[in-house]
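Just passing along the structure, written as structure tokens.
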Amino acid sequence: MPEKRPADSYTMMTEIVLPNDTNVFGNLMGGRLMYWMDIAAAISSQKHCNSAVVTASVDNISFENPIKLGNTVHIEAKVTRAFTTSMEVHLKVWGEDLTQQFKYKSNEAYYTFVALDPNSKPKTVPTLIPESEEEKLLYEGALRRRQVRLILGGKMDPKDAQELRALFIKDKL
Amino acid sequence: MPEKRPADSYTMMTEIVLPNDTNVFGNLMGGRLMYWMDIAAAISSQKHCNSAVVTASVDNISFENPIKLGNTVHIEAKVTRAFTTSMEVHLKVWGEDLTQQFKYKSNEAYYTFVALDPNSKPKTVPTLIPESEEEKLLYEGALRRRQVRLILGGKMDPKDAQELRALFIKDKL
Amino acid sequence: MPEKRPADSYTMMTEIVLPNDTNVFGNLMGGRLMYWMDIAAAISSQKHCNSAVVTASVDNISFENPIKLGNTVHIEAKVTRAFTTSMEVHLKVWGEDLTQQFKYKSNEAYYTFVALDPNSKPKTVPTLIPESEEEKLLYEGALRRRQVRLILGGKMDPKDAQELRALFIKDKL
Amino acid sequence: MPEKRPADSYTMMTEIVLPNDTNVFGNLMGGRLMYWMDIAAAISSQKHCNSAVVTASVDNISFENPIKLGNTVHIEAKVTRAFTTSMEVHLKVWGEDLTQQFKYKSNEAYYTFVALDPNSKPKTVPTLIPESEEEKLLYEGALRRRQVRLILGGKMDPKDAQELRALFIKDKL
Amino acid sequence: MPEKRPADSYTMMTEIVLPNDTNVFGNLMGGRLMYWMDIAAAISSQKHCNSAVVTASVDNISFENPIKLGNTVHIEAKVTRAFTTSMEVHLKVWGEDLTQQFKYKSNEAYYTFVALDPNSKPKTVPTLIPESEEEKLLYEGALRRRQVRLILGGKMDPKDAQELRALFIKDKL
Amino acid sequence: MPEKRPADSYTMMTEIVLPNDTNVFGNLMGGRLMYWMDIAAAISSQKHCNSAVVTASVDNISFENPIKLGNTVHIEAKVTRAFTTSMEVHLKVWGEDLTQQFKYKSNEAYYTFVALDPNSKPKTVPTLIPESEEEKLLYEGALRRRQVRLILGGKMDPKDAQELRALFIKDKL
């Protein structure tokens, strides 16, 4: 199975905020944006593993700036790290007011997908080799974020999360 | 401003999985489910604060069992704790095959909403007083989850997160 | 085949009125509401019969108060009576302005569903045993409403509708 | 205010049943069809009154034959009678399998709309003058159906419904 | 295989412009209109050939007047000419403000569909016999438009397009 | 007003074909694709002119290969030439089966947009300076395509279309 680079899964999605995507303030609803992010991340992870995928989990998402009705939404997705049968996808989301020529960050997020074969069984995925500095940082952080997911999902004891513990006790050392 | 109980914000949403909600395996897509959860949580938090709200953040969501085409989706939402201008909403999601008479958990999640006045300025929300044992546990956990959010959002240093640190270093004590 | 109570089919659906659901006055369109009511009633009748169902008929619906854009829609559904292979579902619909803390009735309606087996053939459904006073009244009225449906569908001669005739000629007796 | 004929409000709507419009049997869902019928009837009543309208009520609808995925839906609408500020619209709905060259009736229905001025106040509508034999029958029946609506809506005592009573007691005379 | 007349494929579609169909000026978006036109034209061509069809091409469409939110959209479709396995459909689209009693042209267009058998293979379609003067003109123009399509699709050399060349060089003769 | 390069308006849109986007063969419907292309082209032209835009016309589109359910749709858009108040946008559309690792062309198209100021009046747009060889060819062809549009829209006499005539009569020279 060939290795893959983050660039292989690079995905760019662009949308316009239409009336039905908005709340009473005329801003894009969080749920609608997470829907689009899920589609973008699914495409990105399929580019990495070349098989069907399903959303396994979504990490904390913090919405920074509201995206206005009529503005453009940019969603950029790239696989940060592959585990045995799963892949973490990093998403950057920003809004753009093309008339005012103004761009603003909406959020950054991590979605995890599992590759499935045609019988819906998890399937091994190619290894990811990070290249740029940013990709290496994302690759390293992926292990720590995975521990957070496992702890929050009740599948790991916090005291076994070596990477995470270091963050909390380093001032002790 | 009157105090509120979790029961005041209890919200029940029920949906059927239609063809366009599904992926190639005929299962509900994660993004579509997060969209419905956002609507349910928005209604729940509005019941607590009686003002307009916007999604501020979404915590880790782990999708356990896929919900099948034609099955029923149940989403139950309740506010767990109120902070100055924000509220954490706990969601329980399960699928149900009414023909096979089989219920299965999909996920549990926490969405955070901010109350806004008509000028889009954050607005103080009523205090929440938990009642049942489960509500008290959710209320206590809310502080710890808030620290995770602040750390992950880069707004708190892990070593200042007293509640969280305890989880990681208690084996030291 | 076990008997069922109305509580077994109790279904609660909650929605927010979004821009595309509204007419030029910014109020929920009747057709969109009937679509949601159909989904809620289908779930309710499936809870009663534990098989697939199809909408057989819808009784007179009278829309009392318009539900505003951004307001919450509550739809409550419960089976009132089971006939051989069909079930009558009672729906109560009300709107709620959570900011103004104001609830208002939209309508009450009766949908009838037929249970189908996997070959699309009508299938016998469990008997319904009403419990509360309100459930007993709904159960009794179901027979009269069924006669109206049969007469309006050209399947019964008005003079054979004993229950209904009584309403019109009682002043004669 | 000029009089109008039924032909003035004649409206023809044509749709294809798409995947998301169907239930688990691959047939058009009743709720989706009622949504389309509401749009067609709204257009028809606007043609009659030349002002904005809102759905006031929907009479009994009985779904006769399911309309299949991919088949064509035909909805024909025409105003049958105008009351002071409201109009009754008659709808005929049939499905068509253009490959098999087979047409089948789905249902017939009556929707009632109220004309509103820009301040959302009910507004007088033109009188309707029926022309053909079928239009005259529909015009006459409209009064009887209106009595059913008023009785079912609790706004008329059955014994004051002269037109309706005649149906039930004529065998007595 | 029987011949068909244009009237056999006559199709009338009527819609209301809803909020989500509009751009920031509150006018129907071109893309949404082309979606509806595609459905109307698909139905029209299916009426002609009585088999499944797929969109093969769309000719130049020029949008003349914007259709406003809440206005009615009328789409009229009719087959103009049948080639071996394809059919050209002519569409007339106009908007109508029923309150102002004002109709305005949006556009005229030509869509081409190919008839397919159940194995997705192109299938011979009935010949079309134009009747009215307008139908005869559309029938003749169809050949010229087909040459434009073939040239623009790189499947015909402009100098072999006899019908078209005549338009450009007739002043030479 | 600054000049712009084609790269300034480069837009990449990525979508997955969902069930409701497909016809009876499980392929993306032409109308749905034209809807997405309209959004992508609108964003691209807004990047060029930094004002609101409306679709003025769409050139011939020929659909070459059907895009399958579950496959990925790639839409690439770039402005080819600016006229006084309008811009021609070139779109390339291809499908991708990420599991089979197979890409296939769907179509190429030209959409024309007009820039509007806040009062809906046409507004002057920046000049476009092509850079690459392909961009120069697209720029030159834009004039010819504009003549086709004007002729087909009845706004130019074919014999005044110098650029186009050359194509038809060059074999004469």
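The first chain written gets the first letter, and so on, giving A, B, C, D, E and F; residue counts start at 1 in each chain.
Keep this in mind: a residue touches a chain if its C-beta (ideal position, glycine included) is under 8 Å from a C-beta of that chain, and two chains touch if they have at least 3 such contacts.
Note that the coordinates shown come from a computational prediction; the quantities given were computed from them, not determined experimentally.
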item	value
Any chain that touches chain F and chain B	A, D
Interface sides of chain D and chain E: same vs different residues, half threshold	same
Centre distance in Å when chain D and chain F are each reduced to the mean of their C-alpha atoms	43
Inter-chain centre distance, chain E versus chain F - centres from mean C-alpha coordinates, in Å	19
Mean-CA-position distance for chain D and chain A (Å)	50
Centroid distance [mean C-alpha coordinates] between chain F and chain A, Å	31
Shared interface positions of chain C, touching two or more other chains	19-20, 23-24, 39, 42, 52, 70
Those chain pairs that satisfy the touch definition	A-B, A-C, A-E, A-F, B-C, B-D, B-F, C-D, C-E, D-E, D-F, E-F
Interface residues, chain B side, partner chain A - complex	23-25, 27, 29-32, 34-39, 42, 52, 54-63, 66, 111, 116, 120, 148-149, 152-153, 158-159, 161, 164-165, 167-172
In the complex with chain A, residue positions of chain C that touch it	18-20, 69-70
Chain A - residues contacting chain C, complex	19-20, 22-24
In the complex with chain A, residue positions of chain F that touch it	11-16, 39-40, 42-43, 46-47, 50-52, 70, 72, 98-99, 101
